[in-house]
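Notes follow the structure.
Just so it is clear, A, B, C, D and E label the chains in written order, and each chain counts residues from 1 on its own.
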Amino acid sequence: MTSIPDAETPAGEVVLEAIGLTKHFPVRRKLRDLFSRKHDAVHAVDDVNLTLRRGQVTALVGESGSGKSTVARLLSQLYPRTAGDIRLHGESTRVKSGSAFRRYCSTVQMIFQDPFASLNPVHTVRYHLTRSLKIHGHAGKTAEDLENALHALLNRVHLTPPERYLDKFPHELSGGQRQRVAIARALGAEPEALLADEPVSMLDVSIRLGILNLLRDLKERLDLAILYITHDIASARYFADQTLVMYAGRMVEGGDSETVTQSPAHPYTRLLIDSAPDPDRLTVDAEQLTTDRGNGEPPSLIHPPSGCRFHPRCPMAMPRCTTDLPVRLEIGDRPGHWAACWLYDEATVAAQQPGSAAQPATAAEVSK
Amino acid sequence: MTIPTSSIEQVIPGQGSMAQPEAGKPAKAKRQRFLFLSNRKAAAGLIILGIYIVLAIIGPWIAPFDPGARGEDLMQGPSSEHWMGTTHLGQDVYSQLLVGTRSVIFVGFLAGIVATLLSVIIGVTAGYVGGKTDEVLSALSNVFLVIPALPLIIIVTSIMENAGEWVVALVIGFTSWSWNARVLRAQTLSLRRRDYVEAARATGERSGRIITFELLPNLTAVIASGFVGTVIFAVLSEITLAFIGITSSNTWNWGTILFWAQGQQALARSAWWWFVPAGLAIAILGTALSLINFAIDEFVSPRLRSAGKTKIKTNSGRTVRMRIGFTPVLSNSPEPITHASPIPVVDHNGATPVVRKEHAS
Amino acid sequence: ACSESPNAANKNNAANGKAAGFLSIGMPNSTQTENNNPFIGSSSSSNLGYKWMIYETLGQWNNTKPDQPLKPWLASEIKWSADWKTVDLVIREGATWSDGKPLTAEDVVFTHTMIRDSKDGALNSFAIPYDQITADGNKVKMTFKSSQFTTHHKVIGQIPIVPKHIWSAIADPATDTVKNPIGSGPYVLKTWAQTGIILEARESGYWQELPKVKELRYTSYSGNDTQLTALATGQSDWSFVFIPDYEQTFVAKDPQNHKIWAPGVLGIHGLYINTTKKPFDDPKLRQAMNMVINRTDIFKQAEAGYFHPEIKSVTGLPEGAGDAYIADEYKGKTFSVDVEGAKALLASSGYKLEGDVLKDKTGKPVTISLTDPAPWSDYQTTLEIIKDNLSKIGIAATVEKPNQNVWDTNVQKGDFGATMRWTNGGSTPFDIYQTVMDGDLMKPIGTPAQQGNFGRFNSPEATAALKSYSNATDEATRKTALATLQKIFVEQAPMLPIGSDNVGAAYSTKKWVGWPSDADSYAPGQPTQTGALMVVLNLKPAA
Amino acid sequence: MRFFLQRVAFYLFTAWAAITLNFFIPRLIPGDPVQALITKYQGQLSTKAIESLYVLFGIDKNGNVWSEYVEYWKQLFAGDLGLSFAFFPTPVSEVLSDSILWTLMLVGVTTILSFVIGTGLGVLAGWRRGSWTDGLLPVTTFFSSVPYFWLGIIAIYLLTGPDSFFPSGGGAEVGLVPAFDMYFIPSAIQHSLLPALTILISSVSGWILSMRNMMVTVSSEDYITVAHAKGLPERRVALGYAARNALLPNVSGFALSLGFIVGGTFLVEIVFSYPGIGFQLFQALGANDYPLMQGIFLIITISVLVANLLADVVYLFLDPRTRKEG
Amino acid sequence: MSAPVLEIKNLNVGYGLGDQGVRAVRDVNLTLHRGEVLGLAGESGSGKSTLAYGLTRLLAPPGVVTGGQVIYHPAEGEPYDVLGLSDERLRKFRWAETAIVFQGAMNSLNPVHKISVQLTDVLRAHEPKMSETSRLARAREMLKLVGIAADRMDAYPHQLSGGMRQRVMIGMALILQPQVVIMDEPTTALDVVMQRQILGQLIELRERLGFSVIFITHDLSLLVEFSDRIAIMYGGRIVEEAPAAAIYRDALHPYSKGLLGSFPALRGPRRELTGIPGSPPDLKGMPSGCSFHPRCPKAFDPCAGNIPVLGRPGTGDGRTRSVACWLHPTEEPVG
């Protein structure tokens, strides 16, 4: 068993970059709105910036529905974006289908959350991998080349000996093995960036570690840029170099993983970390730093709260939070640590009492 | 005319009632292909259907008489010479039945194939492509669903001059695809959102390939069940058309036999041998096809399988039915079943643990 | 409310037996809608024939004895001029409409004038060439543009007379459904329902003795089989329907009472041959075909031994009704199957029988397609038998079963090999021969010939003879013309006659007796014929 | 509400397309009503009548199809379906109103009965799997594979006769006028028993099967286990929880089957001489009676659509998930 | 330690019979004491849910209870065996004495009935004499207890968020004031924030109402935080059972250790993660002896041969815990 060492890697070359990435899903119009001009939309992702660098893992954490998967799908160009830009090696790209899409695919590959669903039950492991190799032209010329390439792929994800797995159907594999096949399929394209959308959340606790270690190992050997999406902030701490926190479609905090998890700046990150089960906290109602005022309910993404989207639940909310969208503010404890929260704007804190605009605990619930 | 059973009523598109291939345990592809045959219903259905197909092929050769040839014995009951008796013209009913099998099977299958192809093309395209295409294709299938099929078939066959089996089959095929198309569209819609389809796209597969290699194999059961349903419908339609004298087919089929029998008041003349066998032949063929359809349904949704034991004997000898909500208790003695050994007092320090490989990954 | 319901009175079904003083009449004519307009063929009153119980004609024609003069009915005297272009009528005194008003010559003039003057001749379904129609007291005089010798029975015997005081108020007699029919007949409409139409006898005012049958119940069954079931079970007392194996399926159910009577009339069924198709343009070939057809088999197997009485005379004229018209030359000449004779005839005409294939003069095998709509099972059976018969002389026939519309179109356009079809019927053999041979009706192949001569039989001689027959003013001319027609028909065999129409009936004597029979064929037996009224008036309760 | 309007728009479109097809298709049949009429009366109607019939039916002028189509819509909006040819000159609307009630009574009631009985048995078969109900399926399957008409004819042969309780055909006793009285109703019911039984026997298996399958599927849902865990009485679990939910998908199937009432069972009407609309359609087909065909197709189309619309609405009530908040 | 409410004695539960059958729960002995939270952990497929459903006879076919007893000690009266109850008595027993909160609240609530109906249903079945208004009042009271406004009574399940639905389920479980509440992964579908809130609420309610809880999850760190005692399952058997703190600090069974070593910790120094090599056993072909031995880093000779029995280990706190491992010789077997 290898333990995961601290994330301390030099900043590599930027592979993929998202700038002001935005995705709104249109909502089917209701009859009432037929005559109004307003178009409702789910604001799934708003103004997201992130950078994936060679040989680095960037974690994206956030609660369910905060838009993490949407970011991944936008980055893999499975969804067209509403606004913003995606830059591959600094070049703006927007592809939908055809050969341009395949070219893009060969650099950016995605791994899905559920290994039970992401492999077609009617095809063998061989079929899945062969397709990936063939589409991206890594299958070689002869059948032998192909066979070699397949073996190499399976070896790379530690499914050895490869012959034992090649002709199996997905249902004959365990969850961990399936996820390895899915990873191998992604690797078949020889990508530079890997978007892993909750790759372990459907797996058993004892198997998770193996997959994470594998990803980590691949990152190092193949110098991959990895986006690791999860809602398990603890695993981000162990696995990722950087961690970004998302709330209701927006980035609220970012920085290197250790800093973000150990000294969270944004009240939401704090809430998240406090809520994570902690075996060391043996008394249940230990003093809590942050209390959730929103009954644990995320806000509506169709009509997101004005200002900071977290303000209805935030115990530290100030009047300004309800009106103005917070900007990224440097925290200053570690380089690169930032939070989008007015608490770190000295002028605001000076003028307004933190928590002065916090709503009573049940307010959010009634408004549902 | 009956609405084909099974596939129609049970699957209500849009409501997702279609038994989804179990998400947790994806259809056990290869092994289950053979498992399908081990289903008693499927086996029985396929054997009967097989016999019919064989008869359809060799029927005209093994028929003892020319089905249209007049004979000396008029309206005779079954005898050693005429196993199923004769008609008012002295024709051999048994030969007519044998010769008629080909037409029935031919029309049934051709119509089934045409309708299935159409439904797959239209349903899957609508479901996969979505958007405007979907709207147009859905509207098309709905129109065909609303138009009453049998009268339409009657009209169209009457437009065709001398409509032979081909025409009848094609007309039935072209008018009866809509239901299956709807079912397939709904299924495709749900499949399209499956991760493995998205994953195939993310790998860089083309749409055509995704449809044919990722979607269609997973729709096989639905398609097959639609096919079987259409075959039943086509067979019943052909027979109905022949019975009411709409089709002008010059060849024999069971409907023709019934048409003649009814025209000649076979039953009123107590000539049951003329009227009953053809009807039974239809019913048995229909039953065989329904059995296959049930089997497909069960294949798709293992929950429907009632095979296996449903009754179970407790240790005290009582028989209880397995049912939801009340798990049978075979015995409630507090004795352990596997006798675990009490752990002997071992010299803890003396033992040498066999250390296993530490690196699994 | 129950006691006021018409159902209260009608509720006594067939099971009540003789005590129920009604007669149930059934026809296999499927559903009806309430329409009592006597001038429209599709009305329920025409379909089921009850219009003849409500409305009457000037004279009564007995189809089974077509050569006999019409029986005076509403006209007490009927007198045609020698050229059959003028008729003088005396209208019966004492007849009244069921609303009590008297029937007068005015009503007769009104009826015929209405038909004559109807827009585009919509009501003139017999295409009668009316000229003048005038009344003088109780006398009516009608003149016509051409001789009515072949159609006089229609003018007098098949046009119902309607009351002027009612019909003059009807805006469009061609599209009025006449919900409340007022006629001069012995019955009035009591209730109309899909399940059955009930007519009840008038209480008074009928010009002759009132009928014994106080109530008539007409039912339209969905088809032959249901009608037959009704007959067999005694639900219908009287009907006209094709009954396969009638001995077993009908008579045997009540041998005492169940009777079939099927007198032939002057209208026949036969195999029309497309005379434009080679080699069937050769009369010799057609003759040979005529010689091998087994009409007895067809009669027994296809027509259940009664329905289309077998035609025996080579002239195609039915036994009984046609006897009087057979030319001397052909008296006693009857059909018989003569395969050897046919072979000899063919051989002598240049055909070769090689094995069982007949080759024509050019050496091509002779084949023919026989066609008729599938649902007509008697025709289909006939074709099967003919096919079998033709194979005896080496002609390979196929039987086709196009759908009825297609068949109709094809037959009219002359796109067929041979087909079983009927001819028009009438009071003389004229209609039969006209339908088959009239050159005036002939149309080129491809143009629909709606009125007749579907086989495109081109014989100016026959056309002339037909004209001469219908326009003749003396019996001798007619006789010659008819003889010519028969000679052509026999020698050229443009159509091979098979059976005749019949106007008989299936009836039960359980409740009512006095039905027409071979011994006393005083009227046609078919309940939808005009003469049905004569039958009803003649019925008496069974002892 | 939005859902509802959307459906209505969709139905209107489908109705338009179907009615248009219904207009054109009958016109493609070769031949015309006059020919059909002459042929129907083989020899009884003189060929001389042909001309007057063309005049009578008003089809002597060669109108173009397009203007006929426009005319048809105009008439339709005026509620005028034209005059039937087969029953000339009865208006189509009258022909329809005479026959539709019979069909509704016989086939409609039977379809509903079949649905109710089939669903009931299906609930039982799905709930008590492994009991005697398992034997139900093969038997009903066999019967459902038998053509209606065959079953009906055999039933007539075996069960009717002069002394039988079952009449061999017809809608009611001869001479009874449709009315809600003590004479007509019992007679109508008596006459409908045998055809109803035929339809019932051959259609019930479909419902049993689909309901059983849905019951089986629903029975393994968690909320059924929860209902058991709550200690609810078995009846409550079986009906209030399992059957209630299993019924939902069958509702739209039922709606669709209502549409088959007219088109699907006309053979029963023919075999039993039942004066319903399916039989009327069959006659219209034989008589090239376009106006009547169009009228009947219109009824079928509209009834299917209305049934579906109703099903949507019923669904809205039965399944709260389709109801939108606000 | 207080008196037991539920004693599970050598419970065996399987799926199917004969050679097709699998034995998913094997000779499980477990005691739930009054007022305690007993955590049940183990990886996926180890038989946790099977145990929970088996002891209440709620397993759907082909599940069968092949042996064992579940002795329930009612608040007053004699203890009795739940598995021996007649169907009628079992129905009465259910929910009134033992309520279950299932894994997915989404699927536990019938989508077509209002939640008020589903709440009062229980009362109608178990307390038929109660009037309709008092039923509704009681239902409202329960909703308030779990922090849901009473005006949501007439909502349908789909109109509630996942967390609210789970609360409704908890409220429903408590409506008859049962002695035992079984919770099968009640929060796995929820967000951590929500999870904490709901569990916090539950623990608080337990304090007030005094019921006992069997809490099932595979998230050991969650269990350690929330439960009093923890039982670890592996391959259908309980392999270790001890107070939460004891397990966390000093797990005896190598499997428990492995499980604890699989969770990255959020706080404190970075611990070395060991994980557990290999994959879970196949229930149909269970390894001989201790079923964990093929994956066990400390396996030695006896492990492959004999199945170790659950017993008190000879450690200092041996009175309060038990383990089934050849490395830890027992002083007395449990059960």
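We adopt the following convention: contacts are C-beta pairs under 8 Å (C-beta built on N, C-alpha and C of every residue); 3 or more make two chains touch, one makes a residue touch a chain.
These are the chains along with the protein names UniProt gives them: A = Peptide/nickel transport system ATP-binding protein; B, D = Peptide/nickel transport system permease protein; E = Oligopeptide/dipeptide ABC transporter ATP-binding protein.
This one's a predicted model, so the numbers in the text were calculated from it and none came from an experiment.
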Discussion item. In terms of touching chains, how many steps apart are chain B and chain E, taking the shortest path?
Written reply: 1
Worksheet entry | Other chains in touch with both chain B and chain C | D
Response to the item:
Relative to chain B, the most remote chain by C-alpha centroid is chain C
Discussion item. By mean C-alpha position, what chain is farthest away from chain E?
Written reply: C
Worksheet item: Using CA atom averages as chain centres, what separation in Å is found between chain A and chain C?
Response: 90
Worksheet entry | Inter-centroid spacing, chain E versus chain A (mean Cα positions, whole Å) | 32
Discussion item. Using Cα averages as centroids, what's the distance between chain B and chain D in whole Å?
Written reply: 25
Fill in: Centroid distance [mean C-alpha coordinates] between chain E and chain C, Å
91
Item to complete: For chain A, write out the residues touching at least two other chains, lowest number first.
Response: 1, 209-210
Worksheet item: Got the chain D residues that touch at least 2 other chains?
Response: 29-30, 153, 156, 219-220, 225, 227-228, 248, 270
Fill in: Multi-partner residues of chain E (each touching 2 or more other chains)
53, 58, 60, 90, 275, 277
Fill in: Touching residues (chain side chain A, partner chain B) in the complex
1-2, 76, 78, 97, 101-102, 105-106, 109-110, 112-114, 116-123, 131-132, 135-136, 158, 169-171, 182, 185-186, 188-189, 209-210, 213-214, 217
Worksheet entry | Residue numbers on chain A that touch chain E, as the complex places them | 1, 3-4, 6, 63-64, 174, 176, 204-210, 231, 233-235, 237-239, 261-262, 271-282, 284-285, 292, 295-298, 362, 365-366, 368
Discussion item. Under the stated contact criterion, what part of chain C meets chain D in this complex?
Written reply: 1-2, 5-8, 10-11, 13-14, 24, 30-35, 37, 40-44, 119-127, 154, 174-177, 191-196, 198, 217, 219, 221-223, 225-226, 229-230, 233-235, 267, 269, 404-406, 408-409, 412, 422-426, 431, 435, 450-452, 501, 528
Practice prompt. Going by the contact rule at the top, pick out the chain E residues touching chain D in the complex.
Written response: 53, 56, 58, 60, 90-96, 99-100, 102-104, 107-114, 121-122, 125-126, 156, 158-159, 172
Item to complete: Please name which positions on chain D make contact with chain E in the complex.
Response: 219-223, 225-233, 236, 240-241, 244-245, 248, 318-321, 323, 325
